[in-house]
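Pasting a structure here, questions to come.
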Amino acid sequence: MSTITLLTDFGLKDTYVGLMKGVILSVNPDAVIIDITHHVDPHDLRQAAFIIKSSYRYFPAGSVHVIVVDPGVGSRRAIVALTMMGQTFLAPDNGILTLIVDEGDIDAIVRVENSDYFLKAVSQTFHGRDIFAPVAAHISLGVDLERLGTPIAKKDLVLIRISKPYVGKKDELVGTIVSIDRFGNCITNIDSDCLAAFINAGKSKKLQVAIGQSKINGLSLNYESASLQSPMAIIGSSGYLEIAVDCGSARRYLGAAKGDAVHLILSN
Amino acid sequence: MSTITLLTDFGLKDTYVGLMKGVILSVNPDAVIIDITHHVDPHDLRQAAFIIKSSYRYFPAGSVHVIVVDPGVGSRRAIVALTMMGQTFLAPDNGILTLIVDEGDIDAIVRVENSDYFLKAVSQTFHGRDIFAPVAAHISLGVDLERLGTPIAKKDLVLIRISKPYVGKKDELVGTIVSIDRFGNCITNIDSDCLAAFINAGKSKKLQVAIGQSKINGLSLNYESASLQSPMAIIGSSGYLEIAVDCGSARRYLGAAKGDAVHLILSN
Amino acid sequence: MSTITLLTDFGLKDTYVGLMKGVILSVNPDAVIIDITHHVDPHDLRQAAFIIKSSYRYFPAGSVHVIVVDPGVGSRRAIVALTMMGQTFLAPDNGILTLIVDEGDIDAIVRVENSDYFLKAVSQTFHGRDIFAPVAAHISLGVDLERLGTPIAKKDLVLIRISKPYVGKKDELVGTIVSIDRFGNCITNIDSDCLAAFINAGKSKKLQVAIGQSKINGLSLNYESASLQSPMAIIGSSGYLEIAVDCGSARRYLGAAKGDAVHLILSN
């Protein structure tokens, strides 16, 4: 039980991530630390919530996932540790875990309060280094969650509203772009189950995806199966519908941005 | 045999690299994973071919090098694993290994097909996570290449044309800028052996390097030996001729770009 | 004694960092390598000096800190290794250690000259890979500093002038912005001790911080305690005064840049 993942909005320009790793290794020299990414858009809790939901299952059993997107650092927001599915999630209690809590049965949740497991001097602006890092290292060493603070119930967790796809007028399915990757692929909040249910309800009708002024007919199976330089709709590797352009950028092609609506229409 | 290197065009903004590492550790918890770089220009097979050629020798014996610059992901392109010089290279069969295959004697090549070593669910868009990562981890655990798929011959590998320096009219040696680094140093495809042969053929003549409108006289031995803020020609750390500006950027100074020609002239 | 940290201006776009890690692991397969950051502004010795001073204490006892911001690579500048406070610092002798040498008692300093611990072929442009990496790995294996080269005295080290806060006319305390982080927080060279002494001298007077055309009244305790979207002055996590904007960028708000002056005024 020694893999610790880091998911933050700290970027890699500064020393924030390096110092967290130094503190972790000072507590547990055998910890294996993996960066999920440090480029969550600053303070974007919803993006972080999507990322951890679609990432955790690819890490070893016993992993400790440390999520620090924390605009409320230094305020009274709590820090929580949650164990489920054989993994532990350590995060500010600000809604980042909203999409995790329904992934399975929760074994334990605590509000992290025991400063015996913090650095001796805790700053008001960098709990990542002073609280999250040493607490995660102690968890990876086998410290029981209950020693870290007060057990709380699932209903006590702060949750945030994360927009879900909905059926709009004219029986359209309306989703949202939640993330755009390095290649310009635009990832929506429409997962494959939701898409399958929508398509099946339309029986033999044909799918059309509308985004801005562009319309895409049908789903592609892989990046190469669409026409070169034309946008395609495809179920991406995280299990969500995405709009992509083979050997190009859907973001640039469509002038798309995070938060843009994507409309799915079934017609004959 | 537990060092696994990653060379991709995934960047570090998204979770692609983090998920590959999670999968590797899930298979081999003792793997030591090193990033060569994830900032290959998207889909630039030639740049990746240069990088792996000039990098592999700096890694421990037994290293497994995973190269994922893979515009054909999800299509019928094969995946190959190749062992030579005590190291293993795992890559799409798209020409990325073109410069590696002549570096020494090849011990084995296989087309990777055995899905026992893949993740159970293989997506059509992210073989880095679903195939390359688990296969690399199994290789690092000692799985024999022949268990991964069908042995093939060197001549069966896809190779790509990578432009080499050539002698042009007026006995010029003409090379190309293949990469520009963070400092603005412009790295060419002219290696030190090629340069030495060209210079020796000219006997006591003097070397001049022409790039765009700029002319550089002679070779510098280190960055400080040229005039401050003037371009110099120098054999860089990867063994190739590069154009640099001490305490400045040759890219900006020259307005240079990847693909630009560099002319070497010998005169009295 | 196996944690090795890297602090460079190499960035992550190129292979420089990856190759250093390959060389380290080739010498010491058990080394745990942590990136402090590779995004020091190119050739900015003062920024690197601040970073290592405010970082080292968060790493395990016995760590080896490798600092490569090295505009003089290939020239006659020396390389030094310095042990103090149970940690070792390996750096070019160009002033990068100026702020470290007064942090505690120095146990040993040597000029690194013994090429037995270098790569066999040493380039003129990349000592990070060819000298720093293998030497750091040997130190992490327990090689005594004295085997690496000639012992020197503290007074033999190259030091650089690093501007300190000073009391200007009208009894202002004048500092400088030395670094701006990803969030736009502007970090000054005024540490908490210096600030406390200045405030205490003014007795019951009120603190005002002036930067450019903006004036900030009083100190904030955490990011949330100031008005939203207004600049605040706060002691940041590295122990220095910084100017921040909650959920915004002080850099953009103030149009601030590295090197800008910050004036502290006490009035009734």
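Things to note:
Letters A, B and C mark the chains in the order given here, with residues in each chain numbered from 1 onward.
The working rule: contacts are C-beta pairs under 8 Å (C-beta built on N, C-alpha and C of every residue); 3 or more make two chains touch, one makes a residue touch a chain.
Everything numeric in this text was worked out from a predicted model, so none of it was measured.
One copy, subunit B, sits rotated relative to the other, subunit C; on C-alpha atoms the angle is 120 degrees to the nearest 5. For the touching copies subunit A and subunit B, the fraction of interface residue numbers used by both falls below half; the interface is of the different-residue type.
Averaged C-alpha coordinates put the centre of subunit A at 32 Å from the centre of subunit B.
Shown for subunit A are the residues in touch with two or more other chains, namely 12.
In the complex of the two chains, the subunit C residues touching subunit A come out as 2-3, 5, 12, 32, 34-39, 51, 54-55, 58-60, 63, 181-183, 221-225, 234-237, 246-247.
Against subunit C, in their complex, subunit A makes its touches with residues 10-19, 21-23, 25-26, 29, 42-43, 71-75, 123-126, 129-130.
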